[in-house]
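The following pair of complexes shares a single chain, chain A, combined with chain B in the former and chain C in the latter.
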Partner chain A sequence: MLKRTSYDVVVVGAGVVGAACAYYAARAGLRVAVVDRGPVAGGTTGAGEGNLLVSDKEPGPELDLALLSTTLWRELAEEFGDRVEYEPKGGLVVASAPAGLDALNGFAAKQRTVGVEAVPVAADSLRELEPHLAEGLPGGVLYPQDAQVQPALAAAHLLRASGAERYLGEAVTALRRGPDGAIRGVVTERRELAAPAVVNAAGTWGGAVAELAGVRLPVLPRRGFVLVTEPLPRLVRRKVYAADYVADVASGSADLQSSAVVEGTPAGPVLIGASRERVGFDRTLRPEVLHRLAAQAVALFPVLRTVAVQRAYRGFRPYLPDHLPAIGHDARVPGLYHACGHEGAGIGLAPATGLLIARQLAGEAVEFELAPFRPERFDGTAEGSGSGAE
Partner chain B sequence: MDPLELVGAEPGPARTILFDGRPVSALPGQTLAAALWADGVVAWRTTRVGGRPRGAFCGIGQCFDCLATVNGRPNQRLCLLTAEHGDAVTTQEGHGHGELDV
Partner chain C sequence: MVNSTSEQVRYDLAVIGAGPAGLAAADAAAGLGLRVALVDAGAGLGGQYYRHPAPELGAARPDKLHHGWRTFAELRERLAAAPLVDHLAGHHVWAAERGEDWILHATRGPEAADRATVTARCLLLATGAYERQLPFPGWTLPGVVTAGGAQAMLKSGLVLPGRRIVVAGSGPLLLAAASSLAAAGARIPAIVEATAYLGYARGLPVLAGNPAKLAEGAEHAARLLRHGVRLRRRSAVVEAHGTDRITGVTVARLDARWKPVPGTERRIDCDALAVGHGLVPQIDLAVELGADTVTTADGTAALRVDAQQRTSVPGLWAAGETCGVGGADLALAEGVLAAHSVAGKPAPARELTVRRRRRAFAALMAAAHAPGPDWTGWVTDDTDVCRCEEVPARAVREAVTELGAADARTVKLLTRAGMGWCQGRMCGPAVACLSGGPVGRPDSRPLSCPVPLAQLAQRDGTTELSE
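Let's turn to the complex of A and B:
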């Protein structure tokens, strides 16, 4: 060990969620260290599209979290501005068939009851919003609260603004516990960091960090590919996706699901997602998935047929069996907090997660129902079976 | 020293490409980027935001800096395309897709 340094909290994970935890914990006056086995935004954060969405969430705990995050992102945008490429551009969800439009409108009506802005768009108005959209689509719903950031920039700027000390390229190899089982700090490949609190913001590796504390958190990776086109003028103004995407997000199937999610970027390329597969951490490029994504994007925006895809990237969404993240103190291990398992919504949900974790860390009142996100909720279930104690 | 001598190369007869309408000589197997470099041309695109000149940077197809319009198609990587007789390379301004602006 090189040396032993003391902090109020050590955050494991330098993705956007870890960065947000560090940012809000530092604002609460805590002395924070962030440790990651790789670089900043080296995992899921660096492989995402940067979606800040309320549109794809049904009323419930995740939507509550997303609505809180929407407000927080607007505050953060005032502080960070263009540096994180925040764009409050809104989302447009389009139905591909009349039956789908009825389902979409029903979904939107439920969302409106909890504070989501969801404006029905008639078929003949779709192309006023998105001039390149295919003709003949039956209609859609506009979600003005949807927004976008460049996720790696967002993580980096939150982390820098936190002033947290960073230990990058150092994997956590153990968690120090006291005689009473309470957290005393973390051990990395190179040093020991003493702290009475550790936040597990390790994303897809969140299960492995929990295991270091002898508890089970069944985070699984769900692979996704994104296509990147050549740089283009602003063909796609909003985040535009097919209504089928909502069903894909909610699905627990291991099989491939894909639906077009199309958006322009300030840099020029159009990004095309979104596929979902449970294949472990297999990074193999699967051309048929890329073909499907391209075909679905062209069905929405025929003009994309004439442009070239420059490259594709893939990432792994950290996924818990009930599609909700684990947020908050772990009742099984005093001093251990979890902030992981946000699946494909981690960029959007990061500020709310960070703020709520910081409130818990600082011993402040948490005016938000965290029960649905309890980290120990999988104990005794098939997915969560395993040692609940050391 | 002439690089052809250095490697003992005996290339076949040169072919002619067009750069902004001007004939430029290219050896068989040479990429468009290499042919332009050999002719003293190092920039064939302007950036989207600042309008600054760009040419070949990595030379191996990774950086997408060497884009230009080739035979009417924008955003082609000149470092990967073998020069063929009559290829027309046009300096590309910005994204090269002005026709798609709405």
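Let's turn to the complex of A and C:
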């Protein structure tokens, strides 16, 4: 017979979002278990760059979440220090043409009204901030709140600090529910874990976990490639990207979109990422995707022309049709909570997600407008139904 | 044979790798009327196996260091006269793109203009293998070289890594390397082989079917005997000593699981150590294309091929070490078989026989030299496992016990082991063992070798971008 163990909550998913849920739930005094079919950071987290961005978000629910996360990441950085390679280095968004600069400044003005620090940078000051930036760019905006962590380390250390029991390399095969339909626990390949609450932090596979509870959550994959250069001296100080990136993130188009975010890392390599494609879980490399990333990086930093790209990696971002994550209790299944679908922003949004989920789990006041993230908001819509490949 | 690239040509077959498998395939394919591109990263033909001094060195007898030199010389001669074969030297292929045709993306140097593409109807992967390293304290000292590296130094530069060279590790390459080094004038105080060679006894019928292999082994053994070289079986170098350079090694007996037996340590003075634990198939391009792999008896990943050398990816063939390490004769035979399959011709009987016998021998060899599970016992906590990123074993072990890593990929993410210049080719097998995760699981690499950013940034002339 399967071994049976009891917890207050079982988190499904050992990526950064699951780890943050475990961390804040444990801090709220709950007994927590984390289950994942793979190792820690085995999915999207391990394929991410570690962007903690407010700069790319327009005023709205996601930006509110990002601003809360910015504060939480600062607190976490004090606890974890260098171990998660937290760098509050700021972001620099540059316009590539004068018309783009007007749009960027308009965007920044709106962001400032909700608490984003956004400092206009004149053309002649750009190279004081980034000495190797291309000449002739019309200007940009500096975002001091943008920061970076190493995502796998962040997930691993949050998970360890949570003290949660880890069941890694065990797929969840079923969710146990009582006669009233309420969650009673999870069944894995090796055991049964009893708990009155389950958090679905399964990222790209969030839809499959929801399905185990008989509810629909149309999480889809959006593929990305990141280029990694050879180790270099610090040529790029901040996160630097072209203004059209903002349009790409919000775009609903299935076509390839990319505007390279270029940044240095403490270990030396410069990261250039990331492309955005909707091709389901297809892993086939299209060299043209890499060409575009490389061309955009070289356009921003001509000095990179002579460096070697040492490797590239790919990942699949989990997104929902309206590009907002699902966060909070599922009104359809008592005891089921969702924390997934963060697309390319999961590392940044993880602490706020974890904190809000933990407050709900502990029955505390949430004091944050969660309505836009309601997991059941896609019921009765045709959006996102069907297969993962659009 | 033309020694240049022509980007306008649509080849019938592109062969990646100009070692035994690739040479034999290109030769056979041209003989069957196919237009062939023989693509290789090196400047000349031959690959690692037929490595030979550059002509400028004026070596009088490069054949002295080689088995089967005559086979190579004949292949080279025939290919030089073959109008259907283009030798594209110095091409490092970083991706193979599948479409109507294959498009190989290659880099030829550091400049933006050094980008090349090759278009072909069929693709044969004959990329060979690289050496497996298992770390031990002191393995990063100058004077410690790989067994194959020592042979390569000898074959291409006619230089020895030292004057008094211990040869250690496991596998038939040790005897071959020691034999070459001794013949070139080095003193070999010991060959330290981790297995007992008893594994071969279980395959007597296989051995009987491979008399050439036995003769080759006997020839090495006889030469080593003449030079008074001692073979220590069931032993390993568990530490290399020295400060600026290696001055000696500690050798210990191993139990059946390769755990060093306490009290059996013995010091041997030397000024070089050539160490290797067999070969790992070089299959990055095929893995990235999603080709099926098998795990060989010694825990490496090799491509799964059918009787016609076809991989699971349509239009992609493989031959030689990429299908499991088995030596040059096997590679030659598989190259010929692959070429016939590409041309739609029936397989020649001689090569079928060679393949059957040599594949059986390869399986026996892999099983006999598979690393024992407890070899990690000689890796102290402060031994650097990944030498590119200087990651000690302690960090790898902590990632597993403290942070929830359970495989090589996660250890890499948490420690940087395998993220440096060699991209884990050196430390990959060791990290997989230390992580307790599956061994023989291939890495997926969108780029199979480094590419200058300027070349990536440049659009190639053959693909249309869909906006």
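Just a few scattered comments:
FYI, the second predicted complex is superposed on the first by the 381 of 390 C-alpha atoms of A that agree within 3 Å, B and C clash if a C-alpha of one lies under 4 Å from a C-alpha of the other, contacts with A are read in each partner's own complex, and residues count from 1 in each chain.
Following the convention adopted for this analysis, contacts are C-beta pairs under 8 Å (C-beta built on N, C-alpha and C of every residue); 3 or more make two chains touch, one makes a residue touch a chain.
Values in this document were obtained by computation on a predicted structure and should not be read as measured data.
Upon superposition of the two complexes on chain A, a steric clash is found between chain B and chain C.
Judged by the touch definition given at the top, the superposed model places A:Val309 against chain C, while chain B stays out of reach. Of the two partner chains placed around the shared chain by superposition, chain B is the only one that A:Pro233 touches, whereas chain C remains out of contact.
Shared-chain residue A:His132: touches chain B; no touch with chain C. Of the two partner chains placed by superposition, only chain C is touched by A:Val298; chain B is not.
Of the two partner chains placed by superposition, only chain C is touched by A:Ala152; chain B is not.
Of the two partners chain B and chain C, more chain A residues are in touch with C.
Within the superposed three-chain model, A:Gly264 lies out of touch with both chain B and chain C [touch as defined at top]. In the overlay built on the shared chain, the residue A:Phe225 is in contact with chain C alone; chain B does not reach it.
Of the two partner chains placed by superposition, only chain C is touched by A:Val40; chain B is not. In the three-chain superposition, chain B clashes with chain C only at 423-431, the remaining stretches of 99-107, 225-233, 261-269 or 423-431 being clear. Overlap of the chain B and chain C interfaces on chain A: residues 230, 306-308, 310.
On chain B, the positions that touch chain A within their shared complex are 48, 64, 67, 74-75, 94-95, 97-98, 100-102.
Across the interface of their complex, chain C is touched by residues 14, 39-42, 46, 152-153, 156-157, 159-160, 166, 168-169, 225, 227, 229-230, 255-256, 267, 269, 283-288, 290-291, 293-295, 297-298, 304-314 of chain A. Partner chain B is touched in their complex by these residues of chain A: 131-132, 230-235, 268, 303, 306-308, 310. Here chain C touches chain A in the complex through residues 95, 97-98, 103, 105, 110, 112, 288-290, 389, 399, 402-407, 409-410, 413-414, 416, 419, 421, 423, 444-447, 450-454, 456-460, 463, 465-467, going by the rule given at the top.
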